[in-house]
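Residue numbering begins at 1 within each chain, and the chains themselves are lettered A, B and C in the order written.
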Amino acid sequence: MVLDPQFIWNGIVVGSIISVSALGLTLIFGILNFINIAYGDYMATGAYLAFALNAQIGLPLGVAIVAGVAGMAAGAVLIDKLVFEHFRTSSPVTLLIVSIGVAFFIRNLIRAIWGPTGNFYDVPIEANPNLFGVRYSVEQLSIIVASLLLLTAVYVLLRRTRIGIAMRAASDDRTLTRIRGVDTERLVLYVWIAGGAIAGLGGIMLGLDAQIRPNMGFTALIPIFAATILGGIGDPKGAVAGGFAIGILQEVSVVVVPSEYKFAVALAALIVGLLLRPDGLFGEATR
Amino acid sequence: MALLDLFLVVGIIAGVYSLLAIGMNMHWGDTGLLNFAHAAFFAVGAYTSAILTTPTPEAGLLAERTVGFDLPVVVGIVAGTVLAAVLGFVIATTSVRLEGDYLAMVTLSSAELVRLVIHNEAWLTTGAQTLKNIPRPMESTVATLPVSYDVFYFLLVWALVGATYLLFERMSNGPFGRVLHAIRENDDVALALGKDVTQFKLKSFAIGAGVAGLAGTLWAHYVYAISPVMFLPSITFLIWAAVIIGGAGSYAGAIVGAVVIVFLRQVTRFIPGSVPFSDQMSYLRLMLVGVVLVAVLYYRPEGLLGNAERLQAGTSEGE
Amino acid sequence: MTLLSVDGIRKTFGGIVAVEDVSFDVDRNEIVGVIGPNGAGKSTTFRLLTGFHTPDAGTVEFDGEDVTDHSPDARARSGMIRTFQIAQELTGMPVMQNMLLAAQGHPGERAVTSALGIGGTSAFEADQRDRAEELLKLLELWELRDEYAGNLSGGQRKLLELGRSLMADPDLLLLDEPMAGVNPDLTDRLLERILELRDQRDMTFLFVEHDIDAVMRVADTVVGMHNGAVLSMGSPEEVQSDDRMLEAYLGGEV
């Protein structure tokens, strides 16, 4: 069986989006220790902010993207101050349910402002160029480049900066960090900024690849969950690897399963992964 | 009597949601299981009953469905309930041993898979299109009575809610519920005392899923026509909101929570005349659900009818 | 006659060897005390015996059957009940419910019988309430029967845990420091009760205890552990006068 390289290309594009998004989710989980169901809606918010600035106000897409990402970073901090901050000592399950409330609020706020139907960014429509039999679009190329840039930036942040190192330590062992006198609230602030910005970027990438819809992020949550779990929840490196694995698996699977069921592949990977490796691809328990 | 009609419609929806919330309360309230697949159980109940009670569509029509059984509605209701319970059992077997957060993600994903199947297997379900002409139980008999069909259906749904409530209350307060509560509190203790924890979790999952299936059948036979978009994960989240607002662990709370949620969603229907932002109203109402949910968790974590004393017990001395 | 036979069990966590080649037998109707300094591997041994850990090597035989691969609940049902070192009371359940939970073979624990109250559920339940009443009175917890277990004091929690395990009416009871935090008067009475149960109910006990006096009073055999291994085994006097045990304790305190 010859594998059409087109599928692999598509997989890399989708994998980039999932990786970036899973990275944000897993960072938030690592520090705050709960699954933020509203994360998909953070993604959608980033996508819509960029959409408003680009297609509605007419700013160039690049500017709109930067503003959308920054806007969502600020939004995540704002939501924390308004809501999550009041639940710092609550159990992870309570926080998860709180995030359901937040998700309801954001998603329907988006619908109330921009309506329920799909939208597109204002990008020039061109015929997709072709290289070695693989069709690709400028958007897809930029998605991949942007994701590589972001992943490198986060890597450097986590490895080289004091705050990043503190973040990793905290994600490994929260109480330990607190004992050593790291200001946890500062850390939480940074993680919302990073997580919110990454969510926003993930959403914009998703919008560039497909359509901007109010529930776009929410429906993308499942492959993102799958990547996060596969990589070991709370583990950034694992989330990225998991993201590419899921993305490529999903797109290549259309060779053997009907394409309507490619999402099922992510799910199957998730369940099999969980049963075989409850602690994620890279072993060591992070919880 | 437009207001009465409206009351009946909203009341029937509230009854269906109450059943869903009762099932969820068995999972979360009694057993501490994070079930996020409720929409799937609801859908399986609805589709099973609809497929069993409608005739095979005539060939050549828009619908691509090729199966239908034209069985009595009672058969559909029973089969829908049972099949949802079976699905609950199957989903639970893959995941019930997982820790809380993982269980939440796996069940949510499984529910989406179920919806994907319903969406794509058009030969069975009419796929993305609506499955129409689902019969209403005893419609011709009720037509001869001096009351409207909605009155009949309202009473039927609430009679079932009442019966289910009593049954679940007894289960929860009996020795079976005691084991579930022990599992909710601490798996290890239940194990150390010889309880087959996995088995009890599976049963809890199946029973709660069955009630959600029952709700699905009642929904399908009331609305005539169903489609996959009725079974999005947001149903699951609304039911979570209902259980939390009503008070996890309390079946009366589950019903109250469901009624509150349905009321919040439908309230503007009762306001006559035009309302500002009427286009956005349905979204604003769902935003309100989010706000109420968070507010309840903050100001009254035990919910409206939950047991605050139980939650407080043991928290005073640290962990 | 041997009730429990432990043969060469071993357990490591990462690099740490918690239990190393532990073997001993417990006869039916015997009271065996396990002593040893902190971190000796006593609780880990208990978890291995009761199925909460799977051993890396070795076997556990109970009542003539190899139970090494049996789940904790299966072992409990076959008559081996444990308590936890740190009392694991069900905080959100009243004292009485904690006790009733431990009843074995309750016909009402099936969903249908529970919902409909059939199959002898209520008669069985009434019997168990009587048993629970008797035990709670002995443990001085009767007044607190409707209190949430989470509201009890530390000592009361340990007592409830003991009562709960007695409710299960086991053949072998494994108690992990049952008297920690319990006042001395009550400790005396509980020890008497243990001796009584051994004689009347034909029970067998294996218990970890730091209170050496208590061990000396009731134990027929003592197992002394140190660094995951059995250091000394025999009559209470023999183990107490074993120099290696003394060293182990002193070494542990330096």
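Criterion: contacts are C-beta pairs under 8 Å (C-beta built on N, C-alpha and C of every residue); 3 or more make two chains touch, one makes a residue touch a chain.
Remember, predicted model here, so these are calculated numbers, not experimental data.
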item: Contact graph of the chains (line, ring, star, complete, other); value: line
item: Centrality ranking, top chain (CA atoms only); value: B
item: Centre distance in Å when chain A and chain C are each reduced to the mean of their C-alpha atoms; value: 49
item: Between chain C and chain B, distance of the C-alpha-averaged centres to the nearest whole Å; value: 43
item: CA centroid of chain A to CA centroid of chain B, Å; value: 30
item: Chain B - residues contacting chain A, complex; value: 34, 94-95, 98-102, 104-106, 108-110, 112-113, 116, 119-120, 233-234, 237, 240-241, 244, 277, 280, 283-284, 286-287, 289-294, 297-298, 301
item: Chain A residues within the chain B interface of the complex; value: 34-35, 37, 83, 86-87, 90, 92-94, 96-98, 100-105, 107-109, 111-112, 218, 221-222, 225-226, 229, 233, 258, 260-261, 263-264, 266-267, 270-271, 274-275, 278, 287
item: Complex contacts: residues of chain B adjacent to chain C; value: 167-168, 170-171, 174-179, 181-182, 184-186, 188-197, 203, 207, 309-316
item: Of all residues in chain C, those that touch chain B in their complex; value: 50, 52, 71-74, 76-77, 81-84, 88-93, 97, 100-104, 106, 108-111, 113-117, 121, 125, 148-151, 164, 168
